[in-house]
Amino acid sequence: MVRRVNPPDGEPSEREMGRLEAFSDGVFAIAITLLILEIAIPLDSPHLGHDLLDRWPSFLAYAISFMVILIMWVNHHMVFKLIDRSDRRFLIINGILLMLITFVNYPTALLADYLTTSQSRTAMLVYSGTFVVVALSFNLLWRYASYNRRLLSDSADPDLIAAISRAFRFGPLMYFAAFVAAFVYVPLSIAISAGLAIYYAVYGLRGDNGLEPEPEPAPVTSE
Amino acid sequence: MVRRVNPPDGEPSEREMGRLEAFSDGVFAIAITLLILEIAIPLDSPHLGHDLLDRWPSFLAYAISFMVILIMWVNHHMVFKLIDRSDRRFLIINGILLMLITFVNYPTALLADYLTTSQSRTAMLVYSGTFVVVALSFNLLWRYASYNRRLLSDSADPDLIAAISRAFRFGPLMYFAAFVAAFVYVPLSIAISAGLAIYYAVYGLRGDNGLEPEPEPAPVTSE
Amino acid sequence: MVRRVNPPDGEPSEREMGRLEAFSDGVFAIAITLLILEIAIPLDSPHLGHDLLDRWPSFLAYAISFMVILIMWVNHHMVFKLIDRSDRRFLIINGILLMLITFVNYPTALLADYLTTSQSRTAMLVYSGTFVVVALSFNLLWRYASYNRRLLSDSADPDLIAAISRAFRFGPLMYFAAFVAAFVYVPLSIAISAGLAIYYAVYGLRGDNGLEPEPEPAPVTSE
Amino acid sequence: MVRRVNPPDGEPSEREMGRLEAFSDGVFAIAITLLILEIAIPLDSPHLGHDLLDRWPSFLAYAISFMVILIMWVNHHMVFKLIDRSDRRFLIINGILLMLITFVNYPTALLADYLTTSQSRTAMLVYSGTFVVVALSFNLLWRYASYNRRLLSDSADPDLIAAISRAFRFGPLMYFAAFVAAFVYVPLSIAISAGLAIYYAVYGLRGDNGLEPEPEPAPVTSE
């Protein structure tokens, strides 16, 4: 394990965390940008406006997936602000999370193609199921890093840590609800997925969720 | 909200802004690079030169979109130089802007495919309409950050701030003119779009637009 | 060659290494994210669940390639932590390694398309052969950098260097075993490839392989 | 123009250059990685090995383009090491250079598809013509930055500057030779293009071209 060698000057561990962050950010940025490639252009359409409106499942799937990946990035961002070192196990867990993030592209394209067909249930199950697994792997990442403050920086606020643990616990449950709903009624599952994306955005916008980085104890570095 | 915790050493907020900038730059860089993938290669063409020239709408749409995204990046760059902190709401607005930037790819491909067909009006409306929305979201980002100097750094020059606010106000209007022109005569709309890209480049090249970072008050840090 | 001009302040060489690292990370991040684009969406499938399960070779090839590139990135990360300068020859070797990393995309798509066809042997030979060449070029990179500690930082631990040299020697042999196995029995070759990916992940997870960055001599910078 | 505000602490201009470098690196990294997507996978081939060998033009075009973009990146790297500030005009020129770098993808795919057809001449003219324009825009970038040392750092060695100016002058001529050769005999044009890529790599490997960053005056910062 990478021990904290940074108490005095912090250089090596910081550079390492920086590279891990940059790599993760790169994967997030690419995965989120590639989503658009999955929306097909209508071929030789004589009624383009009409055909574009017909593609609403593509645009909806695109928008939901974009928001989900963006929220995942914001969360990743929040976790990384609290940790200041890494070990190989964390690297692998982070790698698996990134694999799942890049994978989101596939169910998004699947949903876009099949939402208005007889196979919409299967597509929606794969779509929401992917988000369940992503949310679970996010929990694994956080739990591994925060267990006994394994990788957390000394200045990480205990209240904030507890608030994050509480909040992350709900993620998989919510996406699991969307997954179960797909068995019952596909539009309900979509509504839950879209609702979650909007909810997280608005909830974040309110700024009263106790998860804001604000309460982070101001580092009183008298130098 | 992320309070300014950086007066003494500036570290945490700076690292955070750095990561936000890097993520945004990544999305801009990928979105601008993916544009080329939308220009199709002629299939088994017996007259390749001729067929390539026939694809001029693809190349034109590619060049205009590249310049628009590049100008958006330069503007993003300029805004981020004036702010020194972020909050969750800003993160979300920036996320929506990035979603629109990645979306530019789609209308670009649409215009490339339909500019010389009977559906050129629809394609051009989607294309110019996208730019209107991008420009509006850019204004939202700037207005949110600059309102009461919410996220601006103390050293940000008031004159420069006012000049940016004035300049950004015109963006949506210009793109809206291209949007309206598409109803009247599609080539006019293209000419406006291309003209805007060239105008911003040349206007930028002139260096007399009052928006240059030059007037930024030199930080007199006596240390 | 870029001499070490950084003893006193370290700035120029560090900035240069940072840019090389960032460029390499970018290529790794993009190559790993593009993999998902190669898994085709079933077209108008009336039995989507069944057709998705039929695509298991695509998902398997995707997962193995993702893990291989991730492990390569972790190794690249480890090598770059030990070196603190670069020269043009190193830049070119690193460039060739990056070319091979981006190339992995192609045999992955090939294997996905041909694993359940009569051409599976050829696809598997190209797939495993690519990994042999990647592993060889990784060795070249390391050997060039570590020969007479050419590009290594002064603080790089000799024991760690020796351990890396030993470990890297096995990589090409392992992938060569998968290559040879493809001649005998294709499933065996796949099993070796998948096993290697899991083995490296688990072995890394154990943390007892002597390759952990931990033993790195703590920089005792009394300042 | 961004004046040098960095004499005392160097912060603002350095952060700005860092972001410009990072954006450029991102575009280079993505453009170089996307090249692989243009090599098509044979469809339902009954003789995969044979069909893959038949695709040699794709692999050749891929390898040459990868090396050309890599060399351009190394050059970009070298130029940016000598400059320490930017202005809007430089930003635009750099943007045009980046547009051309991303464009390389298109003629590469074109050459891959048409090298063994009756249209090989047209494809080769577009391919080599693109490199002429890229090399010219690189010269423009360098000439703009180095004219009267406009954007160069004070510590930039005059001999190195002169050596770069000499070396860059040959780039467009060489690629122009490949362009002209395409009119005469396409294989000759390919040979020149491939030879140039190898030559620059080997010439770089030799380390005796006077362009190595080595002669850069060691910054004697007594601190």
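Labels A, B, C and D are assigned to the chains in the order they are written; within every chain, residues are numbered from 1.
FYI, contacts are C-beta pairs under 8 Å (C-beta built on N, C-alpha and C of every residue); 3 or more make two chains touch, one makes a residue touch a chain.
It should be emphasised that the depicted structure is a prediction, and the values quoted were computed from it without experimental measurement.
Looking at subunit C and subunit D, no chain is in contact with each of them. Seen from the Cα centre of subunit C, the chain whose own Cα centre is farthest off is B. Remark: rotation between subunit B and subunit D after Cα superposition is 90° (nearest 5). At the interface between subunit A and subunit B, under half of the residue numbers appear on both sides, which makes the contact a different-residue one. In terms of their C-alpha centroids, the spacing between subunit A and subunit B amounts to 25 Å. Distance between chain centres (mean CA atoms), subunit B to subunit C: 36 Å.
Across the assembly, subunit B contributes residues 22, 26, 30, 34, 37 that each touch 2 or more other chains.
Shown are all chain pairs that touch, namely A-B, A-C, B-D, C-D. By the touch criterion stated above, subunit D contacts subunit B in their complex at residues 1-3, 5, 8-9, 11-12, 16, 19, 22-23, 26-27, 30-31, 34, 37, 87-89, 91-92, 95, 98-99, 102-103, 105-106, 109-110, 113-114, 117-119, 122-123, 126. Remark: subunit A residues 21-22, 25-26, 28-30, 32-37, 39, 41, 44-49, 52, 62-63, 66-67, 70, 73-74, 77, 80-81, 201, 204-205, 207, 212-214, 216, 218-219, 221, 223 touch subunit B in the complex.
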